[in-house]
Amino acid sequence: MPDAGQIDGRSLIRRRAGLRLWLSAGWLTLLAAAALLAPWIAPKDPLAQDLFLGRLPPFWMAGAEPGYWLGTDSLGRDVLSRIIHGARVALMVALIAGSITCLVGATLGLLAGFLRGWVDMVISRLIDIWMAFPPVLFSILLIAVLGPGLTSIIIAIVVIDWTRFARVVRAEAMAQGAMDYVASARVAGRGRIGTMIREILPNVLPTIVVLLTLEMGIAVIVEAILSFVNLSISTDDPTWGGMIAEGRTSIHQAWWVLVFPLITLFLTVLSFSQLGEGLKDRFDPVLR
Amino acid sequence: MSFLSIRNLSVRLKKGPPLLRRVSLDVQAGEVRGLVGESGAGKSMIGKAVLGILPPSVEITGGEILLDGTDLLRLPPKDRRRRIGASCALIPQDPLTALNPSHRIGPQITDRLVDILGWPRSAAEARARDLLAEVQIPEPDRVLRAYPHELSGGMRQRILIASAFAAEPKLIVADEPTTALDVTVQKQILKLIAGMQARHGTALLFVTHDLGVVSKVCQNLSVLYSGMVVEDSAVTDFFAAPRHPYSRALLAATPKYTDPAAGLTPVPDEVIAAVRAEVAAFDAGGIA
Amino acid sequence: MALLRLLAIRLLTTLVTLAGVAVIVFFVIRVVPGNPIAMMLPPGATEDDIARLSALYGLDQPLLTQFGIWVAGVLQGDFGTSITTRQPVLDLVLGRLPATLELAIMALVMAVILGGAAALTGTRFRGGRTEGAIDVANGMALSVPDFLWGLVLILLFGVLMPVFHISGRVSPALDLPFTTDFYLFESLLRLRFDLWADIVAHMVLPALALAIPLAAIIGQLLKQSLKETMNLDYVTLARTKGYGETRVILREALRNAALPTLTLVGVQFTFLIGGTVIIERLFSYEGLGNMAIDAVINRDLPLIQGIVLLFALIFTVVNLIVDLLYAVLNPRLRHA
């Protein structure tokens, strides 16, 4: 007997999932455009200091200067322009660190889950050891070792977060490997690695895409945290985390220096994770 | 006056097809009434409606359930629950899932006495011990302290029966209480229920698909087809001369009551067609 | 018997993991470019001075020898001497550990209360608007990490409505009569409620920031498992006994539903402890994490080693406790 209520519920979930998918994709597109066009659309030079224009409030408040839409920080640098330029660093880290982490983690997870045996033992043990490190401390440690800079941040993210992919992909690959279609591919004469790439990988791919989206959001946060503790790229270059660190110290005098980069960071992280969750619902065969 | 009187009860799937079509039936004090029909006929639904445990996906669209003269459906939820808890009980179908795995047996028998009826704990415990002896469980003290998973299925069904009789209810709904048990255990449990019923003088609404069980235990029976009561007879009359064509077909399809040499006779197509027409006429608002 | 075996296996894997952590930390931080000894001497120091001080800290030995010395020390409870403060690492670390533990425990309690309340309310009013609202709030809380919640809380309750403190562990003007570093607990034991209130006012925001994501996870998992449990036969049977919905949820469903949630909460709690590092920094809270970041910035190798090893120890011990709790709470395992 068809259950009418259940069908309604499903389409409702799909509609809601669709909405958040579009909203988050929209915000991220906007951000990407801003990052690409930063030198042309930023109203001011993000590095230009003018101590006479320090701590200007945003445009709707008394004492605002025209042209400085979201106010200035204590050194008189334009907050809006710094946010726009900061998007470049954030998205670059998200894309590059996310992809490399995904590649490394998924490969190791796939190998462990499909080949099993000693490969799995070694990789699982490594994952256990990694899970015993506090990730933020680990990343700060790595940056201290590698020295500040964009490359160091990316390496740190890859080194720390590969386990996120490896754990999930390993479990998925294990589940898929137990299925009959894999056995029949093997019977048909396909080699182990061939089976892994041609039969298992396509079935694990949706999961990997979801994890990649989530990882991009995490990468943005890690970059912000490292900038916050002053270990990211050089302190002059505008980063959201650096702005937040600066805003945190002058919070009682100039709240806008903290609030605007925080809102941007918040929306970006939320968008990546909602995009990931939305994709998960889309890929879920039960809901499809 | 009958203790339970169901008048024109109609139940349907929310925004869906009807499940019970203006069902009326009576259970006198101390009477054992069988409720038979094939699966999906709505026989369990009647028991659930009386006990107030209909699943959230269905709704009552009309009728009355008079318990000792009071319409349960007109009572506020809390009063209804209390009244049902004080005067009715359920013997569930599957003894393996009907006991809470994280509580000991003792409290699961005494909870209603203590919490709803306000007995002192010691009196309730003494009562539980007596009941376990009555359902022929050896070492009642040990069993009262045991967890469900330590006991066998037959043992658990005995406990559930004891628990149902704990508060000396006026009416017990037994929902296919032997279906989930071994054939050998089935007989003992049936005998136990019949014996307990006779000793305590409790009215029993016995939901089953098994006419053999009805012939052994019940005095009267109601036959359900497609959510409609099609026959309401004394058991002796029914087996001698079923009135409704569906009843005759049902009886003919039960091996024990026909000539074994003739084998099973499936319900003839014209009987099904006739009853379907009856149901359709009913839905159209015909037969009152 | 099964319990003992489980315990033995878990202890063994814990030791292997800890050894792995020790090896990795030791060698990773020794790749650091720049001599930490040179950094702690005044600018006019000679090569000779540097060499003498290096010898004092054992940094002139080959790496493997250094590792051997360090491991031998650790096994005897000697974690070396901090380069920046010249105090024993163990003393420094143990002095800060209570602050971090108190913060983490307070956050855990908050997460369990908030998440539990969300799950119970969502189950009680399932299928309605209330449940929808709880789902949306959970989704938000889960999408954003503790660092950002910390900043949001600073803005809301530190600046907009300044009801709580946003930095430090206790107001500096207060005179502290404590003999241990467990300020929160000791102030309670000494019945110094004035101090206690001040300490709590400092801890609320950082603890809440740590608690929000975990609360969302608890809320989601527990609600799902409660809703599944509510359809089981023994819950239906309890309904016929005359119990109301709330009572049925609390008495019949909660305990069975909480069990599967527990294991996941254990893993998530270790994430929460990891989160204390940045949250302590954000709220200038004087705990282990804050000290760790300072140690990294100052290249204080022995201190970094000690802190990371301690964190790893806490993580693995938490996992062990969760496994044991699960065994104790599950009657089926207990009697097996």
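Order of writing sets the labels: A, B and C. Residues in every chain begin at 1.
Assume a residue touches a chain if its C-beta (ideal position, glycine included) is under 8 Å from a C-beta of that chain, and two chains touch if they have at least 3 such contacts.
Everything quoted here is computed from the prediction, not taken from an experiment.
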B-C or A-C, whichever has more C-beta pairs in contact: A-C
Innermost chain by mean C-alpha position: C
Between subunit B and subunit A, distance of the C-alpha-averaged centres to the nearest whole Å: 57
Subunit B-subunit C separation of Cα centroids, rounded to whole Å: 53
Chain centre separation in whole Å, for subunit C relative to subunit A (CA means): 23
Per-residue overlap in subunit A, given as positions that touch at least 2 other chains: none
Subunit A partner contacts - residues on subunit C that touch it in the complex: 13, 16-18, 20-21, 24-25, 28-29, 31-33, 139-140, 142-145, 147-148, 151-152, 154-155, 158-159, 166, 270, 273-278, 281-282, 289, 292-293, 296-297, 299, 304, 307-308, 311-312, 315-316
In the complex with subunit C, residue positions of subunit B that touch it: 51-53, 56, 77-78, 81-82, 84-86, 88-90, 92-94, 97-102, 111-112, 115-116, 147, 149-150, 160
Contact set on subunit C toward subunit B in their complex: 127, 232-234, 236-244, 252, 255-256, 331-332, 335
Interfacial residue positions of subunit A with respect to subunit C in the complex: 125-126, 128-129, 131-138, 140-142, 144-145, 147, 217-218, 221, 224-225, 228-231, 244, 248, 251-252, 255, 258-259, 262, 265-266, 269-270, 273-274, 277
